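Next up is a structure, given as structure tokens.
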Amino acid sequence: MTFLSHVINGISLGSVYAIIALGYTMVYGIAKMLNFAHGDVIMIGGYMCFIATMSLHLGTIPSILIAVIVCTLLGIVIERLAYKPLRSASSLAVLITAIGVSYFLQNAALLIWSSNTKSFKSVVAGVQPVKLFGDKLSISAEAILTIAVSVVIMICLTLFTGKSKMGKAMRAVSEDRGAAQLMGINVNKTISMTFAIGSGLAAIAGVLLLSSYSSLTPTTGSMPGIKAFTAAVFGGIGSIPGAMLGGILLGVIEILGKAYISQELSDAIVFAVLIIVLIFKPTGLLGKKIKEKV
Amino acid sequence: MANPNEVKLVAMPSKNKLPERDIDKAPILEVAHLGIDFGGLTAVDDFNIAIGRTEIAGLIGPNGAGKTTVFNMLTKVYEPTRGMILLDGKDTAHMTTVQINKAGIARTFQNIRLFDKLSVEDNVKIGLHNNTDYSVFSGIIRAPKYWREEKKAHERALDLLGIFDMQDLANAQAGSLPYGAQRRLEIVRALATQPKLLLLDEPAAGMNPSETAELMDNIRKIRDTFQIAVMLIEHDMNLVMGICEGIAVLNFGKIIAKGTPSEIQNDPVVIEAYLGKHKEEE
Amino acid sequence: MKKLSKKTRSGFINYGLILVFFLVFQILISTGSITNSLKGQLIPICAYMVMAVSLNIVVGFSGELSLGHAGFMSVGAFTGVIVSTSLMNAVPNTGLRLLLAMVIGALFAAIAGVIVGIPVLRLRGDYLAIVTLAFGEIIKNILNCLYVGYDKAGLHISTKDIASIGMDETGVTIVNGPMGAIGITKISTFLAGVILILIVLFVTQNMMNSRTGRAIMGIRDNRIAAEACGLNVTKYKLIAFVISAAMAGAAGALYALNYSTIVPKKFDFNTSILVLVFVVLGGMGNIRGSLIAAAVLTVLPELLRKFSDYRMLIYAIVLIVIMIATNNEKARAIWNRVFAGLGAKPRKKEADGNG
């Protein structure tokens, strides 16, 4: 039974990674850039929700909404100010800029909220865990909420990219930006939209993550950000189902590694699994094989 | 499909005749039943050819016929699905691209592939890499061997650039050269690896008629000076008919004709499949 | 031979630059006209210069994005500390001990480079980058669980805790898990740092101007053409990677032996990124740029000290603005026009030297 509960916790953590990884993978697919500031958007989302509940005394739903709206706008602003001027620059230049944005967000948060750890109150605080098998298996409300939310997000996102006009435009831009532009797709608007969606999702991920692991600091977002980036590559960067699969697998591996192998080495185990997978599948689990034309 | 043991040297089912001067020697390249599939689609099938020691051979055919794919298989950029390649009598089945080059095939690319950010001279020196003999360590501590070998490489590079009168461009950045010069540099770089067989993929593409005429002279000069075989893919019929001694025509991945330029020019199959179509395009 | 002399000249300018850097600060120190905080930065600046040049070999010359360079630095740092502490009695001369610490640190980092490089270099692009990141994190994680002590019987190593390494009463704890290396005797000197930079410059510049360097850059520019020219791609990528790792190891030893304690967390992802920023800002494949960027950006937070709380925020903004100013097409055009107006030649592309 403990094994099952570890697996469920793993899926819950992995769902958060998956939601963050979706942001990474969508931005990579469309703008062909690694947005290293993505993890810090999670942190901003966390603080927004925290302030809304603690200082403004708003309810849970309005607080989450505020976090999502602020992060969505933040994503659009970051893209517009920092990344758009570098549309034709080398990917490494954009990467360094993204690192600059990440430093900026972390240090701005440090100035505004100080480095003191804030204790984030779970959005489902007080809700009793679900007991199964005669109390042998206890699943926290946070785990259930996280998994449920991520399932909803994945379904919505799949429908969005598959059916909606904007979603199709996104797929077209990610396939061939030049051709998409010639077909009359507004590339700038599409990229902007991608950042908006990715950042909005990051806010939700932040709230979910902090509901399970309550400590909130200006660097809260960086490790989950790196893990989610790893998850995106693990699943095959640019692939939406890949990000989901990669995120959940990573979460499960991390929790099981912590429980059964070593508490201290759990991160090392996660990264070792990633390396082994990439050695055998060099473009990730669901990544496209790219053959160079000679 | 082809059992390597069944294929004997020079026992090619080939209409291709080696040039007279090569007839007593074993061919430099023999290819039997070579084929490749890309995910169920057969790109090249049953490709057979023999090339003499000092022959200039042409591989022609309409766009998409599989000509470059043949080059890619010969140099192991693509792994052939079936068939056999004998280079100087040796089976190349287990060789990599690097080993193929060391064994004696050098090539140029249809979409020019230079070391863009390096100088023209350094591009040629990379071609000379395996003939420049000093270790990583000797290079770092500047041992006498370093200076000796670098001097040799420098002189050799300028000599080779001299084939196309490009010595003056030695310090220019390769990527900044005009198109024609880039094509010539690729040939020089390939020659620097001391090949026995030189594969040229559309060497005259983008050149004007006078440049093309000059290129023809130079290809002949290269063959005569280095005593090597040349196989080229080209759409410029003046060049192909002017310098090739043997020609193979590829269409839809299969050889439809082989022979001397005059035989090819009068082959009704070729005219229908290739030359006729070629005229319509223009 | 005109071009060879140009490359050689550029190399000598770099040596000269480092010597001037050394002399200026030596004079400033001897006249007492340098703040203590800046004086304390000198050895870290040397270490970061070496890090930047070494990472430039991988990122600039070999063309592979590495996000785990600090991992090799930490291997060198911890090896160096262990060597230095355990040889305390055997080698009383601190200069010689520092040399041994750096050499063995470089050696262990090179071994780590081989172990990491063989699987990593099979991959391409972003996949390669993420695996270097992963290795950097793994190295940090392992060091977090490393306990090393030294007594009469020699070195004791454990991955459980300090009690289980079984030292006798003469034992000294050298590495204490997440607490890091403790009780380090500070033996690094500014002079040693400068000598290390000169050696690293010598190795890098000479290597890049030899057949090895041409092969490394050729593979970067066009892998398929390089293979067709008979170059063993994996071999040369591995050479670049391992030499770079060894240099980072030596830098790590220099860096660690400048402090009394050093924690594994010091060499995390952020440090790898910091060094990458030096390389990109200094210009890929531009050695002089790496040296200058490393020095300026290490000192910059110090110079911004009067802005106290805002300094890292300003640092971030400066970084973003520089990247946009140097990489945006319109901004570049403006630069070029300004330079043209001043009568200076606008920057143009040159064949890859060691600038």
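Residue numbering begins at 1 within each chain, and the chains themselves are lettered A, B and C in the order written.
Methods note: a contact is a pair of C-beta atoms (placed from the backbone, for glycine too) under 8 Å apart; a residue touches a chain by one contact, two chains touch by 3 or more.
Since this is a predicted model, take the numbers as computed values, not measurements.
A.B. asks: Could you work out which chain's C-alpha centre is the most distant one from the centre of subunit B?
C.D. replies: Greatest centre separation from subunit B goes to chain A.
A.B. asks: Which chain would you call central, comparing Cα centres to the global Cα centre?
C.D. replies: Smallest centre-to-centre distance to the global C-alpha mean: chain C.
A.B. asks: In whole angstrom, what separates the CA-based centres of subunit A and subunit C?
C.D. replies: 31
A.B. asks: Taking each chain's centre as the mean position of its Cα atoms, how many Å separate subunit A from subunit B?
C.D. replies: Comparing mean C-alpha positions, subunit B is 50 Å from subunit A.
A.B. asks: As a quick test, compute the distance in whole Å between the mean CA positions of subunit B and subunit C.
C.D. replies: Here subunit B and subunit C have centroids separated by 43 Å.
A.B. asks: Mind pulling the residue numbers of subunit A that touch at least two other chains?
C.D. replies: Residues 294 of subunit A touch two or more partner chains.
A.B. asks: Can you list the subunit B residues in contact with two or more other chains?
C.D. replies: Where subunit B meets two or more other chains at a single residue, that happens at 77, 109.
A.B. asks: Give the residues of subunit C touching no fewer than two other chains, as numbers and ranges.
C.D. replies: Residues 224.
A.B. asks: What part of subunit B is in contact with subunit C in the complex they form?
C.D. replies: 75, 77, 96-98, 101-102, 106-107, 109, 113-119, 121-123, 125-127, 129-130, 132, 134, 136, 139-142, 146, 149-150, 153-154, 170-176, 189-190, 192-193
A.B. asks: Inside the complex, what are the residues of subunit A that reach subunit C?
C.D. replies: So the residues of subunit A in touch with subunit C come to 28, 34, 36, 82, 85-86, 88-90, 92-93, 95-97, 99-101, 103-104, 107-108, 110-111, 222, 226, 229-230, 233, 237, 262, 264-265, 267-268, 271-272, 274-275, 278-279, 282-284, 292, 294.
A.B. asks: Applying the document's contact rule, which stretches of subunit C touch subunit B when the two form their complex?
C.D. replies: 1-4, 202-203, 206-207, 209-215, 217-218, 220-222, 224-233, 239, 285, 349-352
A.B. asks: If we count contacts the way the header does, which residues on subunit C are in touch with subunit A in the complex?
C.D. replies: 59, 65, 119, 122-124, 126-127, 129-131, 133-135, 137-138, 141-142, 144-145, 178, 224, 269, 273, 276-277, 280-281, 284, 309-310, 312-313, 315-317, 319-320, 323-324, 326-331
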